[in-house]
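Two complexes come next, and they have one chain in common, chain A, joined by chain B in the first and chain C in the second.
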Partner chain A sequence: MASPSVNLGQLLDLGLLKRYEVLGGEAGLRRPVRVVVVGSTIHEISELAAGSVVVFGREQLTLDDLAMDIAIRLAGSAGLSGIIAARTPRQVPLVTRRLADRFALPLIGVDDIAPAGVVAAFDPYVRAPEIAGLRVLGDAARRFQRPPANANALTSSLSATLGEPVALIDAESRFVAGDPEVHALLGTCPTAEELGGPHPVAVTVRAGEADVLLQPVQVDPAGLAVYWIAVRLPGSAAGVLLEPIRRAVAIAALSFAVHVAGDAVRVEREHRRRSLLLNEILEQPDDPGRRTVERATALGWRLAGWHTAVQVQVSHAPSAVRLSALGAELEEQLAERGVTVTLVERAEGWVFWSTAEAEADAADPGPLTKRVNTALAAVEAEHPGLRLCAGVGGAHAGTAGIGRSADQARQAVLLARTTRRPAAVEHIDAVSARRLLAGWYGSAPLRGAAADLLAPLQDADPSGELVRTLRCYLDCQSSAKAAGDLLGVHRNTVMQRMDRVTQLLPADLDDPDDRLAVHLAARAVDVQWEDPA
Partner chain B sequence: MTTPARTRLRVGVDGVRARAVAVDSGGRLVAVHRGRRGDPPARVLDALFRRGPGMAPTDRVVAVLPDLTLAESAQRARVGVLRVGAPAATAVPPLAGWTAERAALAGPVAMVRGGHEYDGRVSAPLDVPAVAEFARTCAGKVDAIALTGVNALENPEHEQLAAAVIADELGPDVPVMRGAETEALGLLERENTAVLDAALVSAARVRIDELSAAVRVHAPDAALYLVRGDGTVLPSLDAYRHATAWRGAALGGLLHGAARLAGVPSAIVVEATAGRAVVGTTLGGLLPDSGLQREIDGIRTGLRAPRLTVIHRRDAGFTGKVLAAIARARGGRDELPVVVVGERAEEVPDPSGIAAIRPGDGDLAAAVGAAVAEAAGSVDRIFWQGTGGGQDSVTRARMLALDAALRAGADPRKLRETPVREALMTYVPVPAARLQVTAVGPLLESADVAAVEP
Partner chain C sequence: MEQVAESAIDDIVRGAVHFGSGGGGEPHLGRQLLTAAVRQYGPVPLVQAGSLAPDALVLPVVSAGAPYALLEKAHGVHEAEALRAAVEARAGRECAAVLPVQLGSANVAVPLAVAARLGLPCLDADLMRRTLPSIDMTLLRLSGHPVPPITLVGCTGALVEFSSGDGAVLGELLRAVMPGLGLVALASAYEVTAGACARLGVDGSISDCARIGAALGAVSPGSEAGYAPFLRACGGRMLCTATVAELVQHSTDGWPRGVVSLNTPEGFARIDFQNENLIVSRSGTVLATVPDLISLADAETGSLLQTTDLALGQEVHVIAGPVDDRWHTPEGLDMVGPRAFGYAVDPVRFDGTGDLTAAGPR
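This part shows the complex of A and B:
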């Protein structure tokens, strides 16, 4: 087709006709429409050009008119693209509808018809569909001159521009704002991998009965999509009428990206402020400056009282998870569990602390540990593949207590990391033996020695299977069966691997000292430690 | 926009001789089925489709059905007869020419005030309450209504109005046959035709439903037509209401089909069978009119009969009479070829000075005639020459004929018209003329939806 053209189906979908009914010839709704004309007599139909749509006024021809059959035959013969005429209270004979079907000639019935009005409404779309699209584009450009204030503003504004339902979803296909039906329509259509893929581009997906346009919102033009805008496309949005909608959605996406980026900068700045302040407090615990105290108070931090610090770390994160946003999510989840705190970003994760008036209140860490645990689990559930762990320090008094408790929390988090459980939380006070271990794990030279001890196993089996089996076997008090159950392999496999390990290891597992050293090494290996010194 | 359409088959069924053929758009025979005489048309059609034409889409199925007669009393509908014409046209009451026995078949009969003058003016206002009263008398007693208005061809208003009143009273299940649906000058002829059509409506429905069920099974997108007595088509939905119109289809279809088989546009056609020989003429897709009106069961109808000569074999001098009939039919048109078909075709000698064409598949003539049948529309009525003068009437007559042909299914781009025959009426007080014109042309094919894609 040389010139872009619209068909009658698209024109009807534009909603220019009020209360119409397709009475027959539906197959012909895809025929291109070249011109829309007012009809005067039925015999004139045979003189119209192929591709015309003829509109009859109530005086000229109504749908139950006997002459309608002739009109349909003439139109079918002349290759017309449709007849629009008035309905009457009498039903349109089935014969007439069948005839329209037979010639694939769309027969459109309307209650109230002013032929000149119909022609005037359709004409711009028929003659220059591109120009009609400019209306949508202009509207989009005007509305999205300023970034929308939030996700809801984006969806409602875009929906008003396009006249179609719009939803905002995140990169993991979760509903964020707008029309939930559009999100429901998508179902599992675009998979999380597609949405979170490295080169997001606008796509149209078939979802049930409708087409849905997905437009990525990218803060970094070369980066991943942080959100996707989903628009349910009307049937008319095809060919030349689709392009303006796509561009309008792209404008909205760009505008929303500006909002998201601005948000991110604001949050970043806030975090930096908090983390600098915490550094100041930790560096001068005995004599914090007046300014420092003022700023801390402004943030709602209490320097006096008994502090219990918690450190949270990410042990493993899939690429799709935005780490900068996790802090806010954690705060939310903790707040839901009654722990209202401000997370401070540190090099090795996030730190927060709760403050009590008396030591007695702060002494029992059980409830806090439990809450942190469930909060971590909730965040992990939101992001498949994410692993978090946390350490809880002891309760310490005064400004200096914050630092002391934070140090303990950092040691505890090292322990938590070694357990490899989901949402692991360890308290420094729970077992004194743990403290002993924390000290040991915290020492870089000792960890180096541990790595050397296990080096032959690592060399023989870079996948780490042997080390894991060894650790599990020792954890299970040398029970091959229990280790096998835990690893999901057969007892004999464990025995076989242990034979191999015994051959490879420069240590004798029957010797209690060697055995202890190997067990410690196996637990410490391949954890990236922060050197406490 | 439209790519050259794929070939679409036209299927012809000869329900009298139990033959069915499928013809492609170029007129070539694609499939043939020869059944046993007496096989129902639906079974013949079914056998043809099982044989093969399923591979190409079928555009249409055109069938020759055996004539229906009132004698088939099992399916005869009870008819209410109403004439709109009092007080002008009551001299001869409805069903006057019918034998007492036949007239007894009808239900309530009534005449009400109404009708028009010859020029379309109202002669008496329509007595709507009387029409409603008549409908109520008929309720539960009749299966169909025959309704005829005086001069309803000129102005069908009262007929239409009365039909609407009756339909309101009796509901859509009781068909109302209007006299003006038949193009005939006489009130009685139109009325008789309407009564016969109404009486045969149930029988016609059974036949057509059987056939269309078979069509739906094998070719759901195909349109179904019947062959009329003049060999042109009648859309199946109209055929329910006009059982009389497809009388004589077996011969009408045969005349066209024989010429088609012989590869000539016009011909004298002789069908020679064991019992008789029939001599007829086809000229460019039309059968010359005999000028007589068809009588059905001894009742004069408004249907025009084609010019045919039937010679019975038991008649003395059979061969000589056949040759004489051929000579008469040629009537000086020496260029007209003679086509002989039928099981005893070889018994008809060549007429002097011309070699008769005896096509190989002569027994398929009527089926082929059905498959390639055209649609026609005729006008034969008196036009009162009002202010527009004679030319105006001629234009109107031509438009009416064209519309009728279109309704029958003709392709408006391929219509041919006969010259308008004009007979001035000298015995009426205003200038008037009887105009006869026929438009005929091939059927409009259904749209190839695949080719509609933009």
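This part shows the complex of A and C:
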């Protein structure tokens, strides 16, 4: 009967023996174990059934005793699967360890041993290996009955259940929580595409010397994995002992998904509350109701004083980035830079404002602009491909000042979008001429006309190379050399492209009006506009 | 052999190492001790027990204590005289000869040196026919003779006497007083006459040492066959040639104990020792046990080694040799068989045969 069986290696991995040492015969750790018995004398070893593991107490046999050699020989001939015996402070002779190696008979040294206890601990797993799995599963079910409070709670609980190191990584293979060594072990093994791809399923990957089990955490069962749980599998996790580990990890993943989803709902609800409140404030700036003031105060918002509003927008986001979570990240990054604010989600992004007691304190927007810039850069660095930009309004007094500054911030962010720099931040007051442009960029019909103007270039060259060259050439005051340096091409290339542009454009670049219109159009054309309307 | 002259010392001491079974002391010291005595007092006459008057008192002599301590503080003239005086005073008569208690490089040399100093002849005999760790493990006691009185003279001149008591208990007491005596003492035990020695039949010990020592000198190292003269002389056999892979030593209970791991072409072999080599086994099979002799010869020089002096990587021959048959009787094995030393194995003779007497019901 091919009943499932365990081997001594698996039994030891269960952690039932507190401190043990494999002294020899390691090659035999994979032999199936049929029964574990208490040994009394070495001479009865020959009468034991093949596949037995015999446990000797300190009184019966110690490891450095000559009789141990005899026991190993007898056990080797009888086809036993291992000997467990007491260690003494004395060294186990080399000859004994080599003899165990020769018979591939695992020789396990234990500090404190009660043979009957060892037998009782091992016996259930030997008789019915599934029980080992049930223990793990039962433990997992108990621990993950309630969703873990956070990622650290997940990894520590799961690690305690399995007795193996666990790490939580995100869909881009970045370490989130748990044992960093497991993450390091993975290296580049599962690529970001594999982790971020559709239809994620649990996989086992070979990472260096060990197998690592990867289990996706999905908030939406049909969606992408938001996290992956990585577990380094013990050598014994094979056959009947692997399946329970898989299931335990799946339970943990499900439980953690509940936590993530709950978190998302809570954040969403909070944002909604803030957003409604801001609307109320903006709609009735002169006479906010008593209840509104109370709620604003409760959130730590100050309605009096001089307000400087900031609007943050996403210029470009890869599909893997969860936009709903970005607000919280931004808040964290800003707080790290001394800007403690609550972001309010708006249709065009997020708004927040800082408040100063006096106009003089709010007058210089430099430090704030700098902090916002580094905060955006920090968030961008966390998510490759993500582009953020922000606009900073002027300082305005009173409740109505919030709305006024926010309007300016919205204009400023339009400017920021046109610069195409990472983490771009523009202040409305920085250059008054830009306010002119902001008004122009803000007009959809004008932007439509600009697109029409450059349409022939787009048609002729969908890659956008011609438009970029044109924009750069005009930015550089029609210097082919300067534009070439910026674009990283030879000036002759710039000249050739400009010849082509001149032919294609329905405008004359030598005419100052035409040239200005083309320049404006070139600056506005590639930006993804999101009209508040 | 009628006397021990300087020319015979090399052979006697070398041969005595064989009876040390891996212990018994480093031979250089014994050689120096005896050579100095013979040079000062002249050759030591050897006598057979039967040639003395049967009721003549003999003076059993053994050097008690650690051989390495003896190296630092050798027995002096005064100790020999104090020992003789104590024994003669108690017996009320004079000693006629010195009687070595055991064979071993130190314990052949010391009684001969004592005899030289005292101007007495030395009996060509001993009471153990090998080295054993305790003064009560003698063929004389095996024959029913009581161990006490025991007399010890320490190197500081202190004198200790145990006039009665059980042999095993006295053995323990002896070891207990040794540190106080400076770890070196000249000892005597057994009130014994020349006639008792003759009846015991232990003649020829010193001559055997000389004979075996001469054969050892004729060994040509380099091949196992080169040991033929020695093996013929001692009646032993070569068990294997091996490389020393590990030497584990511990002396938690006051005895130098340990295990030597030897790498042989047929697998790892093991020697368990307590002062002397007690058991040699290979791959969990016992090849030979105490009371037979187990020696290690340095493959390079052919000389016999002290087990505690082994070096890792040293190539050695393992040689087992027979011992007096009386040790193989059930009573003898009770006293000095492997179980007496705490090993739960049956005795195996040097030639691999079991002791029939030991295999029966005990």
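Basically, the second predicted complex is superposed on the first by the 397 of 533 C-alpha atoms of A that agree within 3 Å, B and C clash if a C-alpha of one lies under 4 Å from a C-alpha of the other, contacts with A are read in each partner's own complex, and residues count from 1 in each chain.
Going forward, a contact is a pair of C-beta atoms (placed from the backbone, for glycine too) under 8 Å apart; a residue touches a chain by one contact, two chains touch by 3 or more.
Computed from a predicted model, the values in this text were never measured in an experiment.
Novice: Output check: A:V212 vs chain B and chain C. Expected answer is one of first, second, both, neither. What do you get?
Specialist: The answer is neither, since A:V212 touches no partner chain.
Novice: Give one of first, second, both or neither to describe whether A:D64 is in contact with chain B, with chain C, with both, or with none.
Specialist: second
Novice: If we overlay the two complexes on their shared chain A, which of chain B and chain C does A:A27 touch? Say first, second, both or neither.
Specialist: first
Novice: One more residue to check, A:V95. First (chain B), second (chain C), both or neither?
Specialist: Both: A:V95 reaches chain B and chain C.
Novice: Touching A:R73 in the superposition: chain B (first), chain C (second), both, neither?
Specialist: Both: A:R73 reaches chain B and chain C.
Novice: On the superposed three-chain arrangement, identify whether chain B or chain C touches more chain A residues.
Specialist: B
Novice: Do chain B and chain C land on any of the same chain A residues, and which?
Specialist: 67, 69-70, 73-74, 76, 95, 102
Novice: Using the touch definition up top, name the residues of chain C that touch chain A in the complex.
Specialist: Against chain A, the touching part of chain C is residues 245-246, 248, 250, 252, 259, 261-262, 267-270, 272, 279, 281, 283-286, 343-345.
Novice: Once bound in the complex, which stretches of chain A touch chain B?
Specialist: 1, 5, 7, 27-28, 30-32, 43, 46, 50-51, 67, 69-70, 73-74, 76-79, 95, 102-105
Novice: Taking the complex as given, what residues does chain A use to touch chain C?
Specialist: Where chain A meets chain C, its residues are 42, 64, 66-67, 69-74, 76, 90-91, 93-96, 98-99, 102.
Novice: Please output the residues of chain B touching chain A within their complex, sorted ascending.
Specialist: 1-2, 221, 223, 237, 399, 403, 406-407, 409, 411-413, 444, 446-447, 449, 452-454
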